[in-house]
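These are the structures in question, set out in turn.
Two complexes, one shared chain (chain A), two partners (chain B, chain C).
Here is the complex of A and B:
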C-alpha cells in the first residue's frame, strides 16, 4: 500500500503518463475516441434536465409566479417613487450623502457623475437600474446577514452554507438567468432575483467572518458586564463586527449592480444595461462609450459611498462633527422637499429639457471610425500575430497552424523532427538544471503545443490532472478532480471546457506575467503604485460589460477581443496581490539581506519574491476566478467555449444546455481554486 | 506593603472559596470524574488525562479569598491562571468542583441568576482591555449599566466618581482607538467598577503597558483599593508587581497549585525549585521586613535611646541605619515595641532564608538528576 503511495507521489508516475499520452497521440488515427469523446457515450443530461425543469414549472410554477407578482408590485412602487422625484432632488441627495460620509471631494464627484446622466439624456434608464439595486440590496443585506449569523452560530449550518455560497458565486451569471426566467416570468423581476442570488454571498461571508473575528476579550467583557445572550449578540458582537459587515454591504451593492446590468441581456427592462447592450450589438461605439460611462459612474458613486461608510464606522464621528444621524436624516429630508417644491416653479429641475442635452455620440463615432481606419494596418498586424503565433497554436496545435499562408512556410516532417528534438533537449536541460518536474512540464507543453489543447487525448489529460491533484492536495482533491472532469466529459462538453481552459489559461498567463511585473514595479516605486491605483480601482468596480466596449471598438468582435477583455479584468488581482505581498515582507529581513550584501536585484529574486510567494499565489487564485467570471461575458463578443454555450442556452431558452455549461464553468473555477489553494498550502 | 501580621484569611467568612476546582478542555471530560477514588490523587489523574489527549488546565485548585484581600495568582504562561479566574466568573464552565461566593455555590446558579451576579457583584479587567470599539469612553464605562436599562442621565451620575477615580475626566467623548494603552486600561478599570462590585477580577491588567506606565498604574490601583476595599483576585507573571500589591500569592504550574503564601513566605520558604526559580531574582532585602529579622528575646530587654523603625520597614531601608553601628534598632508596631534588630540577627535572618532558598533549588536539582539517570 505504502509502496503504491510512494510510487504515485514520485516522478515515475509522470513518466508513465507522458508515455501513455505519446502512445495515444501516435495511435490517434486508430483510436479517434481518445481525442474526441464520442457523442454516443455522453449521458443525455440536457433532455433530463429540461424534463425536470418542465416538471418543476408545471407543479410549482404558480407559486413562483405569485411571488414574482408581489415583487413586481413592490418594484413598481420604488420605480414610480424614484421617477416622481425631480432629478435635481436625487442628484442633490446623492451629493449630500457623499458630503455627509466623506466630504467635499466625493460630493463634487458624485454631483458631476449624476449630472452626467441627466446631461446625456439617459436619466430615466439610469434610475430604472437604480430602482432594481435599491430593492435588491436591502433584501440581499437582510437575507445575507441572517444567513451569515446562522453560519457563525452553528458549525453544522456553516458546512452547508459555505459551499452553497461558493456555488452561487461561481456559477456564471448568465446560467442563472434562464431558470429564473422560466420560473418567475419575463421582466425586470428576473434581474432583481438574479442580482439577489448573486449579491447575497458576499454579505454572508463577511457577516460570518466579522462575527467570528470579534476579539474574545471584548465578548468576555460583554458577558462580565452582565449581558444576556441577546444583548451580547446585538450590542456587543454585531457592533464590534460592524466594519466587516459594512464591507459586506459594499461588496453586496457592487455585486447587485453588476448583476442588474448583466441581467438586462434578457431585455424588456428599459434600463441602462439594456441600452448599452443594444448599442454594442449595433456596433455603435460612440453610444456604447457614452452609456458605458453612465454605468461606470453609477458603480463608482455606489462604491465610494458604501466603502466610505464602512471605513468611517469605527473611527468615530470625524468627518462631520455635527452629523448626528437624526440631524442628518432631517437635513436630507428638508433638502429633498425644498428642491421638489422649487421644481414646481422651475420645471426644468423636474424634467431636464431635451434641448439642453448633450449627446455627442455621432461625433465620437466618427472619431473612433477615423482612428480605426487610420491604424487599420497596425491593428490587424497585432491581431494576426497574436492569433497565429499565440492563440491558434495553443488551441489547435502547431501541426495545423503552421502553413505557408500563416507562418510563411509549411510544417514539413524534417521540421517536426527538429521540433521534437528541441523539446527533448530542453527537457533534458531542465532535468539537469532543475528537477524531473520541470522536465515533465516541458515535455507536456511540447506535446500540447504540437497538437493543441483540443487535440490532446482526454484519458491522458484526466489522468495527469488527477495525478497533479493527488500530489498537491492529497486523495480528496484527486477524487474531486476526477469527478469534476468526469462530469465535463460525460455531459458532453469536454471540447468546450478545454476551449474555456485555453482562453482562461492564456489570459491568466498574461495577467500573471504582466500583472506580476507591474506589481513588482508598484512595490518598488511609490509613483508607479500611485499611478496604478485609480486604474485598478476603476477596473474592479466596473460592471463586466463595460470593459468589453473599448476592445470591441478597436479590435471588433472575435476571440482576440475576448482575450483582451478577460486580461483587462483579471490583471487587477495579480498587480494588487504582488504589490501587497512584496510590500509586506518584513523590514528586518530586508535589512538583514542588504547587510549580507544583496544587490537590489538579488534582493528581489532571492528574498522578496520567495517570501511574498504565498500572497502572490493568492493573487493567482483570484486572477483565475476573475478570468472565469469574465469568460461568460466575453461570450458576447464571440467565443466558442462553455461561456458561449451558456449564452446560447439563454438565447434559445434551452435550460439544460445553459445549466450544464454553467455548472461546467463552476466546476472548472472550483477545481482551479482548490488546486491553487493546495499549492499555497504545500510546505516547501 | 500591606501588613500581614494579622492574616485576613483568618476572618470567619471568606468572600470567595474555591474547592477542588477542575477545568479540563477536550471531549467528554466529565466521564473522568465518576470515579471518586481517582480524585484522591489529582496529579496522576491529570497525567492520565493528558496521555488521553485532554488538556487539564486547572487541576484540583483550592483557595480562599478574604474580604478586602488582594489575592494574586502567578505562574508561567499556560499554567492555568486565566482558566481559574474565568472559572470563578463562569466565563469558562468548570468541569468539577465548587466555587462559593458569599457562601453560595456559583456553579449551581442558572444563566439568569448568573447575569444578575455579574451585573452587581463582579467586575473584571482584561489584559488587552476588551473595550467596545464602537463606544466612546463614557459609553464604554456605563455599558454594564446600559445593559440593565438604566436611563442615560442616571448612568452618567453613577460613574462620575469612578471616572475621576481613574483620572479620565475630559476624555469622556474619546473613542478607544484615540487613547493610549494606559488610558484604555483606565477605561477598562472604570467599566469594571461601574457596577460597584464586591469581587474584582483582574487578568494581567498591566502586562500590555510599558514599565513606567505599569508602575504608575500599580500605584493608582493601590490608591483605588485603599478607598474601595474590594476583594481582589489579580493575575500577573511579574513577581515584582505581585510583591508590591499582594496580600497573598498563589503559584501555579501545569494547572496545579504549587504554593500559597505571603510574598515573603514564597521567597524565604519556597515549596520547591519551581517557586525558588520564580523568586530567584528578587533581592531578599527588599522583601524581608524588620519584623522578619528580630533578635531572639523579644521586646523585654530593649535598651533605651536607640533609633526606632516601623515593623513594616524593609531590610533595605534598615541597612543604611545599621551601617557602622554595633548596637541595634528598635522595632515598633504602632505604639508597641515588638523587639530589636541587631547586626547579627539581620545577617542570621538573611543567611537562613538564603540557605532555605538554595536548598529548595538543590533538592529538585538532585531529583531531576535522579530522573535522568
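Here is the complex of A and C:
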C-alpha cells in the first residue's frame, strides 16, 4: 500500500500519464470518443431534473406561493413607506447617519452620492431598489446569524452548512432564477429570494468564524461568574464576536446590492436595475453608465457606513454608551420631520423639478463613438494579435492556428518536429534546474498548446487533474476532483466546461500578472494606490453588465470582448490582495533586510514577495472566483461556454439545462478554490 | 422577545393576511422595449376608459409567460412568438394562456446590412451575391469566410442552419444579447465597417439608422418552410407572429376588457412614429400613448363600443 502511495506521489506517475496522453493523441483518429465524449454516454440529467421540479411545484407550490404573497405585501409596504418621504429627508438622513458613525468626510460623500440620484432624475427607481435591499439585508442577517450559530454549535451541522454555502455563492444566480420563479410565482419576491440566496453565505461564514474565534479565557471568565449557557452565548460570546459578525453584515449588504440588476431580469420591480437592463438592451453606453453609477454609489455609501459601524470597537462594555445613540436617534427623527414639514412649503424638496435635472448621456455616447471611429485600425490590430497568438492556440491548438493567413507561414512537419524538440529541451532544462514537477508541467502545456484545450483527450485531463489534486491536497481532494470532473463529463457538458476553463484560465493568468504588478506598484507608491482606489471601487460595485457595452462597441461581439470583460472585473482582487500583502510585511523585517544591504529590488523579490505570498495566493483564489462569476455575464457578448448554457436554460424556460450548467460552474469554482487553498497550505 | 414586539408581530401578520387578498385590477406586463411599452399603455389607457384599474408591471420575456400562466399578469397586448422556449407552447396547450388574435403589426425577420455595403458588394440585396463577396464581410476571426452575427444562442439556431443548408461561405457568430447586437451595429455604422446581421422589424433601430434586407427567393404557396432550403430555392425565414395574449380566466372575469382585447390593433407606421417620439424626442411613453388616443378617436371608439356591448 505504501509503495503505491509513494509511486503516486512521485514523478513516475506523471511519466506514465504523459505517455498515455501521447498514445491517445496519436491514435485520436481511431479513438474519437477520447476527444469528444459521445452524447449517448451522457446521463440524461436534464429530463430527470425537470420531472423532479414539476413534482415539487405540483406538491408544494401552494405553500411557496402563500409565503410569497405575504412577502410581497411586506415589500409593498416598505416601498410605499420609503416613497412617501420627500427625497430631501432621505438624503439628509443618510448624510446625518454618515456623520454620526464616521464624520464630515463620509457625510459629504454620502450626500453627494445620494443627491446624484436626484440630479439625474431616477430617484423613485433608486428608492425601489433600496426597498428591496432594505428587506433582503435584515432577512439575510437574521437567517445568516442563526445558521452560522448552528454551524458553530454543531460540527455535524457545519459539515452540511459549509458546502451548501459554497454552492449558494458559486452557482450563478441566473441558474436559480427560473426555479424560484416557478416556485414562488412572478413578482419582486423572486428578486428578493435570489438576493437572499446570494447574500446569506457571508453572514453565515463570518458568524461561525467570529463565534469560534472568541478567546477561551473570556468564556471561562463568563462561566466562572455564574453565567448560564444562554447568557454565556448572548452576553459573552456574541458581543465578543461582534466585530466579525458586523463584518458579515457589511459583506451581506454588498452581496445584496450586487443582485439588484439580476433581480430585475424577472421583473415586477420598476427599479433602477430594470432601467439599467433597458439601456443595456438598447446598447446605450451613456445611459447605462449613469444608471449603473446609481447602484455603485448606493453600494459604496452602504459599504462605508456598515464598515464604519463594524470598525468601531463594540466588544468592550465601555462602548455601550446608551445616551449617545438615543440622542442620535432623536435628532435623526427631528431632522426627518422638519424636512418633511419644510417640503410642504417648498415642493421642490419633495419632487425634484425635471428642469433642474442633469443627464449627460449623449455626450458619453459620442465619446465612445469617437473612439470607435478614430482607432478602428489599432483596435483591430490588437484584437488580431490576441486572437492568433494567444486565444486560438489555447482553444484550438497551434496545429489548427498556424496558417499562412494568421501567422504568415504553414505549420509544416519540420516545424512540428522542431516544436516537439523545443518542448522536450525546455522540459529537460526545467528538470535539471528545478524539479521533475516543472518538467512534467512543461510537457503538459506543450501538448495542450499543440492540440488546444478542446482537443485534449478527456481521460488524460481527468487523470492528470486527479493526480495533481492528490499530490497537492491528498486523497480527499483527489476524490473530489474525480467526482467533480466526472459530473461535468457524465452530464454532457464537458466541452462547454473546457471552454469555460479556457476563458477563465486566460483571464486569471492575465489578471494575476498585470494585477499583481499593479498591486506591487500600489504598495510601493502611495500615489498609485490612491489613483487605483476609485477604479477598483467602481469596477467592483458597478453592475457587471454595464462594463460590457463599451467593450462590445469597441471590440465587437465575440470571445475577445468576453475575455476583456472578465479581466476588467477579476483584476481587482489581484491588485488589492497583492498591495495588502506587501504592505502588511512587518517593518522590522524590512529594516533588518535594508540594514543587511538589500537593494530595493532585492528587498522586493527576496523579502517582501515571499513573505506576502500567502495573501497574494488568497488574491489569486479570489480572482478565480470572480472570473467564474463573470462568465455568465460575459455570455451576453457571445461565448459558447457554461455561462451561455445558463442563458439557454433561462431563455427556454428549461430548468434542468440551466441548473446543470450552473452546478457545473460551481464545481469548477469549488475545485479551483480547494486547489489554490491546498497549494497555499502546503508547507515549504 | 418582549410583549411589545410580540404584539407588533401579531399585528403585522394579521395585516399581511388581510392585505394579501388580490385587488381587482388588470395587470399588464411592460417589457424592456419601447414598442411593446406603447401597445401596453394604449391598451391600458383604453381599459381605464372602461373604468378598469390598470397596473403596469415590468416583466422579462420568459418570466411574463410564467406569470400569465399563474394568473399574476392578465393581458399582454403585444407578444412576439419567436425566440421563446417550450414554456409558451406548453402554457397554450393546457389553456393557461389564450391567444386573442393578431395585433396587426407586420413583423419581418432576416439578415440586414448597412446601405454602404452595396458599393463593396454590388449584387446585393439578392442573397446570391453573398457567395461572391463573402470576403467583403470578413473579419480576422472568420477570414476568409464572411462574418454573420446571428441571434443570441438562447434564441435558437435558425441562421446557422440556413448557412449550412445553403453552403454559404459565412461563419455564424452568436450575438450574445440584443444589447450586444445593437452595440455592434452602432459601432459598425459609425466606422463604416462591414456588417451582416440577423435582425427583426418592427424595431426602433430602423427609426435611427438605415438598413437594407437580404432578399430571398419567393417561397412556393407563400409560406416559407425553413427546414427545407437549397441554393436556388431559398426562402430565408418563416415570419413571426405578433399576437395578443390573456390569461385563462380573463374572458370570464372581465368580459368587456376581453372584447376590447379582441378588437385592439396597431399598425407599423403608427408604432414607428410613436417610437421615434419616445426614443428620439424624449417624450414619455404615457404621453405618446395618450397622444395617439387623442388623435385616433375614430379608430378606438368602435372598440370601446364593442366592449360595452359585451358587458351587457
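The definition used in the following text is that the second predicted complex is superposed on the first by the 605 of 684 C-alpha atoms of A that agree within 3 Å, B and C clash if a C-alpha of one lies under 4 Å from a C-alpha of the other, contacts with A are read in each partner's own complex, and residues count from 1 in each chain.
Going forward, a residue touches a chain if its C-beta (ideal position, glycine included) is under 8 Å from a C-beta of that chain, and two chains touch if they have at least 3 such contacts.
Just so it is clear, the model here is predicted, and its values are computed rather than measured.
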Chain B versus chain C as contact partner of A:218, first or second or both or neither: first
Touched partner set for A:74, first chain B, second chain C, both or neither: second
First (chain B), second (chain C), both or neither touched by A:236: first
Which of chain B and chain C A:614 touches, first, second, both or neither: neither
Touched partner set for A:264, first chain B, second chain C, both or neither: second
Partner touching more residues of chain A, whether chain B or chain C: C
First (chain B), second (chain C), both or neither touched by A:228: first
Common ground on chain A, meaning residues reached by chain C in one complex and by chain B in the other: none
Of chain C, residues touching chain A in the complex: 13, 15-17, 19-20, 29, 32-33, 57-60, 62-67, 70, 72-73, 83-87, 139-141, 143-144, 149, 152-155, 173-184, 186-187, 190-191, 193, 204
Chain A - residues contacting chain C, complex: 65, 69-70, 73-74, 181-182, 185-187, 190, 264-270, 274, 277-278, 280-283, 285, 369, 372-373, 376, 380, 383-384, 387-388, 405, 545, 548-549, 552-554, 556-558, 560, 635-640, 644, 647-648, 650-654
Chain B-touching residues of chain A, taken from the complex the two chains share: 215, 217-218, 220-229, 231, 235-236, 239-240, 242, 313-316
In the complex with chain A, residue positions of chain B that touch it: 86, 89, 91, 111, 115-116, 118-120, 122-124, 126-136, 143-144, 147-148, 175, 177-178, 188, 191-192, 195
